[in-house]
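Same chain, two partners: subunit A is paired with subunit B first, then with subunit C.
The block that comes next holds the complex of A and B.
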């Protein structure tokens, strides 16, 4: 009976001119978003590779100079773009693309692309995840809002029940039909993605398993909508009321709750002001090593330690340049202070994240959004991971430069390193965070969307038993 | 009382008893209140940050002035140029300036791009200005991604939906419940009856909207009576945007579709105007007006810097040819073992790199302006885009405002650099009078012409367009309704 009802529903959809038009329009939108995203992604990757090479070339082409001056001039860590970022740009546009790695100071990434756009940018971009998150659900609502109410309004539901079908079978049949329709659209999306990555060829580097997990979250999200549409339609007295209820749900889930939760998270757990952040770091650094201060207590302690280590009594007796050693040690110390304060900032974000996670109970959109961004490496966790790796590299690079002073500047007036030093300096090679680690970190979000899927389905089955026909 | 008066009275009574309508009004009030509260705290935070920064500059200047006075009176001695209060090195590194953008009177209505930009910029002389430093407040990018819930969002996105929900089935519900025949028997045309019904809803909602807005703006400290013109502009914009959606509902009601079809049609138009067209234009703009990544600009700066370091001697000769008043015979300015000499050399390299890099950087900024100009012109493709643009302009939080602020800051930085470098490069001893009279930044709003009338006009054109469609449809609709 369920199969029969599903077949009948599919036939009804195929005969509905409005439904056909909506499906065609949404598919065209999806394809347009895919084409525009391929070009955007491809251009970004080319620019990334080109600028990465140029940045290193600039570093290696420096004139002869004091290695610590080179450390001050610094170099750049450029954020790479993961292949799945083509489908979900996440916070990429808001976090910047590059971090300056200079001496003494840890910086945040900058060159926030969103700042260069006009205000219209805030309306969103037509990307594949935009179509999946906003347009597919609304299309499903338009297709299925009257799946039950139409039967009620035309009184055909009585005929169906008279033929031996139960209301649960009716609900399941209609659910299967809408699910098949959704799956057809989803297959179109999957095919377009496969073709896109095939077009990009070897440069895509996408892993199939990762992509399947990425898609699974969207699929579950859409299944939730399918179940809720059938549920609401079965409980509504008229098609109009069903449509109004579903549209209200869509607005709440996709527009209002995400904004409310993000604003609330920011209000409850605000980041400190830039000045407070700087003041706190300065306060911690005040009495520590900074590489340039030879006279404070920390520098005196370090001097004693070095002298003991080398078994000499004065700096002049050291076989190495003491200034270089002090700079190297100062860099490590300053980096630890920065790490401490950036970790406090990260802890504050994790508090904000709790708000987002809990809001997932009210809106599956939020959980899916975070899952999608995490797999596309366009979320805040990626940002932290990248910035931490860049900071580790900054310390390695600066230590190498400062130790070059220690090893070569002894007894040399105004020591300058030659270009070989720049060429031999360590390179920054970023390793993406492993997928299993990301999945582990998002168990909660996965649990929420699974809960949404199961509960919405159960609610549909349970409440469909109580449908009033008369 | 004539039939029209009776209709108005009955309709108002019905509306006051319609729980759906009242519920939506309550929702609108709630969202507007939350949005105002959220924006108020956002602005308060920004103003607090600005006050801290201004105070920091004031305290640093005050300290410098008092130290110069002490030095001149022989009450204190200083070792080294970094601490010597009269030294240009000290002024360069310890006493940065601040450029800042004051909040507009109606900033409460739209956060706009305000969550992306700081409302101040530290003017420092020792950095590569291609790389933004020290002026970006810490904010979670997640918050920026989802955006702020402000009045502009409620009005642009949600207000139309509320209008659609209260007006989509005025005529169709009458037909579906069989009351249309009764109405048709009255001595009034059905289209006039529909117009009166929809006008009552429009004026009721619009009046309440203005009252809510007036109350919320007053509660959250907007001095409406000191800025009545802006309030008038806001009222006109709200009137036009609200009227657009009501007239659209009127048109769809006239088309004779059933309730569900009407709602689907109206919601599809809403999705089209509020989501699809803007997002499509955003992507298309990137395609048609590609702007290279700023990484290229950074790399270019680095390249230029390397070139200057390699040919420093010739470059310094060129610099003093360009600024003969910066040249000095004082040996201290040439002595690299001295912090003044070293810093002159260091800052000259940065300045020269900046000068050589400037045309490339400007070319990039021009491309961005050109793309934004294109976006700005295409806003006419959706009333939602026009309305949102008009609100952010009125609030002073649009990209145009912020880019003008950055441009003005850059000009000010250039002016300030000329002043300080002239002193630093000639080893001039700065006096307390000079510190008191350092050039100040003043944001000039006059550089940003208002776009209120073009936006209002574009909305009026939309209204006229739908009006024509209504006239065209009204003859057909009579037949549809009669059927």
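The block that comes next holds the complex of A and C.
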């Protein structure tokens, strides 16, 4: 019976001119977004590769100079782009693209692209994830809002029930039909993605499993909508009411709640101002080592320690250049202070994240959005991960340069390192955070969307028993 | 005319007795008031930050004034004295950091615009401007991505929905309720009846919009008297937007479809104009004319900075003195002189790179402007933020002011640095006048 109803329902969809038009329009939009995203993505990848080469070239082509001067000029960590970012740009354009890695200072990532756009940019971009998150659900609503109410209005529901169908079977049949329709669209999406990556020359770096998980969250999200549409349509007295209810839900879930939760997160757990943040760091560093101050207490203590270690009485007797050692130690100390303060900031971010996560109970949209961004490595977690790795590298690089001074500058007037030192300096090789780690970190979001899927389906089945026919 | 009024009055009773209108208005005003409250909150946060910075700046300057009068025969006082009088500062710390504030324009709380993307103040000393400008306020990028729920959002996104909800069954309700034939049998033409019903709804919409804007001024404590100009400008913009949507709905009603179909058409167009077309336009322009690679200038500056440090003296003689002969001190150059000369050279390069870049950005944004009519919602938002002075242009104007401030600072500091002189107390008092009110 369910199969029969589903077949009949699909026939009805195929005969509906409006439905056809909507499906065609959405598909076109999806394809357009895919084509434009490919272009956008390959441009950014090219820029990334170019920047990466250029920044290393600049580093290696330095003239002979004091390694610490080179450290001050520094080098750059360029933010990489994960292949899945083609489908979901996430916060990419609201964070920087490069981080200056110099001596003494942990810098923020800079060159935030959003700053170069006009206000229009804040309306979002029609990337594939935009189509999946906003347009597919609304298309499903437009297709299915009257699946029950039309039968009620035309009184055909009585005929169906007279044939022996139960209301639950009716609901399940309609659910299956809408699900099939959704799956067809989803398959079109998947095919276009496969073709896009094939065109780009292979989806280098994405594992099949990761790719399935990325898409699964969208699929679950759409199933939630399918169930809710059938549920609302079965409970509504008229098509108009059903449509209004569903659209209100859509607006709340995709537009209002995300904004409210983001407002709330910022209000409950505000970030300090940059001024306060830097002040606190400076306050902590004031009495510590900085590599240039030989005379404060911390420097004196360090000097004693070094002399003891080498078993000598004066700096002159040391086999190495003391200045280099002090610089290296200062760098380590300063970086620890930065780490401490950035961790405080991160703790605040995690509190904000909790607000976003809990909002998933009200809006599956939010949970899916976070899951998608996390897999595409375009979320704030990625940004933190990248910045922390860059900072670790900064300390490694600076230590190498300062130790070069320590080893070679002893007794040399104005020591200059030769150019080989630049080429041999450690390279920054960023490793993406492993997928299983990311998935583990997002169990909560996965649980929420599963709960939404199961509960919406159960609600549909349970309430379908009580459908009033008259 | 009399008929029209009669119809309006009757329709008002009709609407008022139906709960839908009340619910719609409650939701609309509820959202609006929340938006006003949130805008106020965000602006307050920015103002608090600026106040803290100013307070800090004043304290710091007061210390300078205390230090300049210290008795330097006591050894412990010497460092602080040098901190106060040396234009190049003491040790690794520079002389003084001045804060330039981007004061809150009166309407900023109603339309936050792009203001959350940019710092509302910059701390500047006389070293190169480029690196001091290269900072961003700490913010969760997720918050920037989701955007703000302020009054402008309510007007751009929710007001059209109110219009759709009020208009969609204007004709269809009569038909579906069976009253259409009754109306047609009257001596009044059907078009007049529909016109009357439409007019009343339009008045409700315009009234609500005016009410909300007034509430915004009232709740945020924006003086209407002082800002009457921008009030009417915003009101004009909002009215135009309302009329646009009313025209869209009139077009849909003219098709004489059923109420559900009309609603779908209305919402479809809403979706198209507020969400899809801006998003499509953005992606299209990004893919067609991508932003130039700003990182290029980072690389160039990196190379320049390496060269300056590599051979400081030749840089000063070959490039700085020919360009700035007023500071030419011949052969007697000390560390601070070439150090500060290098900042100017660095800034010159950075400025020319930035200008080139900005002109490309401007060209691209010009292209967006040309096509912006495709996305009327975004166009209205852009205009609203321009009226509120919270758009990107306003920030660019602020940056210009910073450049002027920095030039002024250099004109005061550089002669001192190149004459190898210190500030005296009177000069410090003059510097104090540079602090912003």
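By definition in this document, the second predicted complex is superposed on the first by the 466 of 470 C-alpha atoms of A that agree within 3 Å, B and C clash if a C-alpha of one lies under 4 Å from a C-alpha of the other, contacts with A are read in each partner's own complex, and residues count from 1 in each chain.
Definition applied: contacts are C-beta pairs under 8 Å (C-beta built on N, C-alpha and C of every residue); 3 or more make two chains touch, one makes a residue touch a chain.
Bear in mind the structure is a predicted one, so any value in this text is a computation, not a measurement.
Bringing the complexes onto one copy of subunit A puts subunit B in a clash with subunit C.
Of the two partner chains, both subunit B and subunit C are touched by A:116.
In the superposed pair of complexes, A:210 makes contact with neither subunit B nor subunit C.
Using the contact criterion defined above for the overlaid structures, shared-chain residue A:239 touches subunit B and also reaches subunit C. Judged by the touch definition given at the top, the superposed model places A:275 against both subunit B and subunit C.
In the superposition on chain A, A:284 makes contact with neither subunit B nor subunit C. Look at A:292: by the touch rule set out above, it reaches subunit C but stays clear of subunit B.
Looking at the shared chain after the overlay, A:16 reaches neither subunit B nor subunit C. Applying the stated contact rule after C-alpha superposition, one finds that A:90 touches each of subunit B and subunit C. Residues 18, 29, 32-33, 36-37, 39-40, 43-44, 47, 51, 54-55, 58, 62-63, 65, 73, 76, 78, 90-91, 94-95, 97-98, 100, 108, 110-127, 130, 134-135, 138, 142, 146, 238-240, 243-244, 247, 251, 255-256, 258-260, 262-263, 265-267, 270-275, 277, 345, 349, 352, 356, 380, 383 of subunit A are contacted both by subunit B in one complex and by subunit C in the other. Subunit C contributes residues 31, 38, 41, 45, 49, 52-53, 56, 91-92, 113-114, 117-119, 121, 123, 134-149, 153, 157, 161, 169, 259-260, 263-264, 267-268, 271, 274-276, 278-284, 286-287, 290-291, 293-296, 298-299, 302-303, 305-307, 309-310, 361, 365, 368-369, 372, 375, 377-378, 381-382, 385, 391-392 to its touches with subunit A in the complex. Interface residues of subunit A facing subunit B in the complex, by the touch rule stated above, are 18, 22, 29, 32-33, 36-37, 39-40, 43-44, 47-48, 51, 54-55, 58, 61-63, 65, 73, 76, 78, 90-91, 94-95, 97-98, 100, 107-108, 110-127, 130, 134-135, 138, 142, 145-146, 238-240, 243-244, 247, 251, 255-256, 258-263, 265-267, 270-275, 277, 345, 349, 352, 356, 380, 383, 414.
Those residues of subunit A lying in contact with subunit C across their complex are 18, 29, 32-33, 36-37, 39-40, 43-44, 47, 50-51, 54-55, 58, 62-63, 65, 69-70, 72-76, 78, 90-91, 94-98, 100, 108, 110-127, 130, 134-135, 138, 142, 146, 238-240, 243-244, 247, 251, 255-256, 258-260, 262-263, 265-267, 270-277, 279, 290, 292-293, 345, 349, 352, 356, 379-380, 383. Residues 31, 34, 38, 41, 45, 48-49, 52-53, 56, 112-113, 116-118, 131-149, 153, 157-158, 161, 165, 168-169, 173, 259-261, 263-264, 267-268, 271, 274-276, 278-284, 286-287, 290-296, 298-299, 302-303, 305-306, 309-310, 336, 368, 371-372, 375-376, 379, 384-385, 388-389, 392, 398-400, 402 of subunit B are the ones that touch subunit A when the two sit in their complex.
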